[in-house]
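The structures come next, written out as C-alpha cells.
One chain, subunit A, appears in both complexes that follow, with subunit B as partner in the first and subunit C in the second.
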Partner chain A sequence: MSKIQVKICMGTTCFVMGAAHLQELVEILPEKYPDKVEVSGVTCLELCSDASKYTNAPYVKVNDDVIADATIEKVLKHIERLLENGQE
Partner chain B sequence: MFIDIDCTQEKKYNQNTYGDCFMSKRYPEKGELIAVLSDGLGSGIKANILASMTATMLIKFVEAGRSIKRTCEVIMNALPVCKVRKISYSTFSMAQCNEDGDVKIIEEGNPQFVYISDGKVVEPEFTVIDSETFKNRHMHVYKLKLKLGDRLVFCSDGVTQSGLGNPELKLGLRRSGLIKCLLEKINENPDISSSELSKNIVRIAKNTEVDRQAKDDISCCVIHYRHPRKALIFTGPPYHMEKDRHYALEFQQAEGKKAICGGTTANLISRELNIPVLCDITGSVGKLPAVSKMEGIDLVTEGILTLTRTVEYLENGFKEKEKNAASELMDFLLNSDCIEFMVGAKLNQAHYDPNLPIEIEIRKNIIKKMAKILEDKYIKKVIVRYI
Partner chain C sequence: MDKNNQTAHLKREILVRTIKAFFSDNFEENTRLIPYDMRPKGSEVPYRCCIHKERDVIRHRIIANLGLSMENFDERELISNYAKQASERKELEKEVLTVLESACQACVPSRMFVTDLCQGCVARPCVESCKFGAISIQNGRSVIDGSKCKNCTKCMQVCPYHAIVKIVVPCEDACPVGAIEKDSSGHATIDFDKCITCGKCVASCPFGAIHEKSQIIDILNRMKEGKKVIAMIAPSIAGQLPGTIYQLHTALLKSGFSEVVEVAQGADITAVNEAEEFAERLEEGAKFMTTSCCAGYNNLIATHLPEIKPFVSTTKTPLYYTAELVKKQSPDAITVFVSPCVAKRRESQENPNVDYLLSYEEMGALFIAKQIDVAELEPTPFKTESSREARNFGLLGGVAKSVEVADQGKTEIKPHIINGLNKQSIRELKNYAKKGECECGNLIEVMCCEGGCIGGNGCINNIKTASKAIQEFTKNCKPLREAPQKSEDEE
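Here is the complex of A and B:
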C-alpha cells in the first residue's frame, strides 16, 4: 500500500496566490488519514513557468494529478475520491 | 587581503545628532579604500556640519589625487566659522589603504591611532607637515605596510577623554587605557570583527563616563586586514537553459558560503548536481516561504519575495520578533565580506500576471538595489553577474 503523495508548491507565484494557507494541510491530512497520505512542500512545481497552460496558481500535486486554484477543500475532496476508487 | 572596516558611534549626552563623522568608500577596481573620521568643533548639528563637510571634502580631494596639504588648506578655509568661538575647526584622521597592505594615514588633531600587529602595539614613525595659513595646525603623515591580521584603530577624543573627572580616572581613559582594552579584547578573541571591536570600545568608553552619560561624541573606527569571507548567491535560472549544468557546477566548485534564492533555481541545482531539496513547510514565518535545506548549501530560500523583504531589512533594519527567511538571508550577507551574485536572466511570465495580489519586481532590479545598499551602507565588496 503506497501512500498518497501530496506536494504543495512554495514557489513565488503559488505562495502569493494562497499557498501560504495550504500549509495547514500539513496538520490536517495526517490527522484525518493517518498512514495513508504524505504531505510535503516543494520549492517549486515549475508549472507557472508555462504561462500558456497554467494560469491558476496555487498548485498542489496529488500523486500525478495537478490541482489548480488549490484550496484545502479541493485537495481533501481529491484525496477522498482517490481513496474511494481504491487507490490504496 | 580583505580590509574589514567598521565604525561605531555614540552621541554626546542630550544631543540629537552626532558631532563626529565617519565616511568610507571602497574602490573595488583599484582594490583600495579611503576612510575618514572627523570631529567637528563643539557638538550637535554645528559639529555635525563641520565634521561632515570635512570628511566629504577629504574623500573627494583624495579621490581626485590632490595633494593633502593643499586639500587641508582648502577645507579649513571653506568651513563655516563658529559664532561662539570665531573659528572654523574640525579635526580628522584619514586612511588610504589598498589590499596589498600599503596604508597612508594623515592625522590632524585627533588622538593618535593605535597600530596593533601580532598582539602588540607598534609605534610607527611619521613626518610633520605644517599648515601655512593656520599656525597651530600640523598634520602627521604615516606610511605603513600592514600584513595579514594587523589592525588600525582610530578614535575621536570622546574615547580617550571618557571618564574625565571620574575620581578613579582623573585624566580620563587616555590612549594607554584604550590600548589596554584593545589588547585585552583581541587577546580574548583574536579574530574579532571590526564591527564587534569598535562596538566594544564605544561601550567601554560610555561605561567609563560619570553616570554613563557621554560628555563628548564618541567614535571608534577599526580597520582589520584579514582573509575575505566569501559568499556566493545563485538566484534565477540562466537565460540559456543548456548552460544550467555549467553554472551549477561552477556554483558547486566555488569557495566560501553559498545561498540559493529561488524555487526554480533550487530545483535546477538539485537536478544538475543530484542533491535533494528538503522543503519544510511548517516553518513559514512572517508571510514568507520557509527556508529549505540542501546538503552543501548554507541557505536555500524562495526568490523574489524573500529578496524584496531582505532589501527592506537592509535598508530599515530588522525589527520583527521572529526570524524568517529574509532575516536569515540578511545575516548571511552581513557575515560576509565579498559577495557575488549569479543572477539568472530568465523571466517567469507568471510573476507579471496583473491578477497577482502583490506587485513583483524584476529580479535584476532587486539585486541592483541590494548590491548598492551592501556597497554603500555596509561597505561590502559586491560583484553582480548576469547569466
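Here is the complex of A and C:
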C-alpha cells in the first residue's frame, strides 16, 4: 500500500502567496490520515516559472496532481477523493 | 483572523503587478491596465457585485500601492497619471494609512442584537442584568432599546441560549484607541490625531479596505537612479521565508539593494543601554520601567498615555542606533528599513536617518516580481554578526530577555510582558502609571502586536512557525555578552 504523497511548495512565491498558511497541513494530515498520507514542505516545484503563473500560487502536489490556488480545504478534499477511489 | 487569507492574496497579487509594471517598458500605462489584466472582459467576478466594482477596488488598491491617499483621490483622473505622480515624488505623504471607501462594506453600526434564538424564557436574566433598563419583553421576546443600550454586553453574557450577540465593526473593534469612526455614509474613516498607526485595522478588515501607503515605488526609483540603497532588516525577518537569513541577504542584494545590515546590530546597543538605565532607575528608587522599542507603544504614549512617560526607558530603538551607524558610514546612501510593522512607518518618517520602509509583505512581492527564490541562493555573511539576544528581539519576551542577559545578574529583574495593546492592556498600563508601580514585575516589555514583532501586520509567516525558525537560527549564535560592544558612550 503506497501512501498518498502531499508536497507543499515552499518556494518564495508560493510561500508569500499563502503557503505560509498551508504549513498547518504538516500537522493536520498525519493526525487525520495516519499511515495513509505522507506530507512534506518541498523546494520550489517550478510551477510558477512561467511569469504569469504566480497569480495561482500557492501550489500543492498530491501524488501527480497539481492543485493551484491551494487552500487547506482544497487539499483535504482532493485527498478524500483519492481515498474514496481506493488509490491507497 | 489569519493574515494569509484571500484579501492578503489579492493585495499581494496587486503589489506584484504594480512592481512588474514598474520594471516594464511603460510603468504608467501598464499600471493603468492592471485592473483589466486581473479582471478581463467576461471573467469571473469572485468577490464584488460586478466586474466594474471589482476593477474599481483594484484601482483603489493600486493607489495605496503607489503611496497615495484615497482621501485625495479624484476618480476622473487616470491611474497612469497617479503612477506618474508617484514616480516623480520626492517626499512621502505624512499619514501612513488610507481607507479605500470603495472596498469598505460600510458595516452596520456596532450594537447588541437579539437573534431568533431568544426563547422568551421565564427567568429573563437579560432584563435583570441590564443596568440601563434597555431590555424589555415584547410579544414574548427580548427587545433592546438602542437609545438606552451602552453595548456593555452583560445581556449577551447571561443569556442561557446565547441568543444575544454583539454586532461588531471589525476595524472599530480592533482599534485599541477609538480612532475609527463612520462617516455619514457609514464608511470607516480614520481620525489621524488619535491613530497610533498600529495597523490592527488593516489586519482585521475582512474586505481589506484599510491599506498602508506603500513606499515601494520610491525605493525602486532610488535604485533606478543608481543611488546606493541600503536595507536594514529587522530581527523578526529571520522567520519569514523558507531559507536562511544569509540566503535572504543574497536575495535582497539580487533585488537591487547595495548592502544589507541587520537591525539586530542596533538591538545589541539597545539591550546594553536599557540594562544600564534599568539598574540606575531602580537604584534611584523607581518601582518599574517599561521598554521603549515598540513603535506602536511609543505612538500610544505620545497621543494617549503621557502619564506613563516618566516610567518609559529613554533608550533609543534598535532601528535608531542601526540607522545612525549606517548613515555615519555612508552619509549619501538611501536607507530602507525592512519591517514587520505598520507603526514603524511613522518612526521611520520622523527619523532623518531612515529614508524609507519596506514591509516583509512588500519584500516578498518584490522577490516574486523578480523571480527570486530565496532558498535556492548561496548564503552571504554579514559584515557584523549580531548576538543571539539581539536576533531574538522580534520574539515575545525577547527584549526583556536581552536586558536580563546584558545586566549579567547585577539587578533583580522581574519581567512582565504586555502581549498586545488593546483596550484592556492600555487600562493596565494607565493603572501602573497612576500607582507608580506594577505588581506583576519591574521590567515591563510592551509589545503592540500580539506575539511580538513576528505578529506584526507586515509579516508573511504565522507566529508559530516564525518563532520556531528564529529559535532554531539563534540557538547557535554568539551570546550578547561576548559580542563587541559599540557606542555605549554615545548618550
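Heads up, the rule we're going with is that the second predicted complex is superposed on the first by the 83 of 88 C-alpha atoms of A that agree within 3 Å, B and C clash if a C-alpha of one lies under 4 Å from a C-alpha of the other, contacts with A are read in each partner's own complex, and residues count from 1 in each chain.
Going forward, contacts are C-beta pairs under 8 Å (C-beta built on N, C-alpha and C of every residue); 3 or more make two chains touch, one makes a residue touch a chain.
Since the model is a prediction, treat every value here as computed from it, not as a measurement.
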- In the superposed arrangement, does A:Ile28 touch subunit B (first), subunit C (second), both or neither? neither
- Task: Return first, second, both or neither, reflecting whether A:Phe15 touches subunit B, subunit C, both chains, or no partner chain.
- Result: both
- When the two structures are overlaid on chain A, which partner does A:Ser40 contact: first (subunit B), second (subunit C), both, or neither? first
- Of the two partner chains, subunit B (first) and subunit C (second), which one does A:Ala51 touch, if any: first, second, both, or neither? both
- Item | Contacts of A:Val66 with subunit B and subunit C, given as first, second, both or neither | neither
- Residue overlap on subunit A between the subunit B interface and the subunit C interface 10-13, 15-17, 20, 23, 41, 43-44, 49, 51, 54-55
- Inside the complex, what are the residues of subunit A that reach subunit C? 10-13, 15-18, 20-21, 23, 41, 43-44, 49, 51, 54-55
- In the complex, go through subunit B and note every residue touching subunit A. 262-264, 266-267, 277, 279-282, 284, 287, 289-290, 292, 300, 302-305, 348-351, 353, 356-358, 360
- Where on subunit A is subunit B touching in the complex? 8-13, 15-17, 19-20, 23, 26, 39-44, 46, 48-49, 51, 54-55, 57
- The subunit C residues in contact with subunit A across the complex are 2, 4-5, 8-9, 12-13, 16, 241-243, 251, 361, 364-365, 367-368, 371-376, 460-462, 465
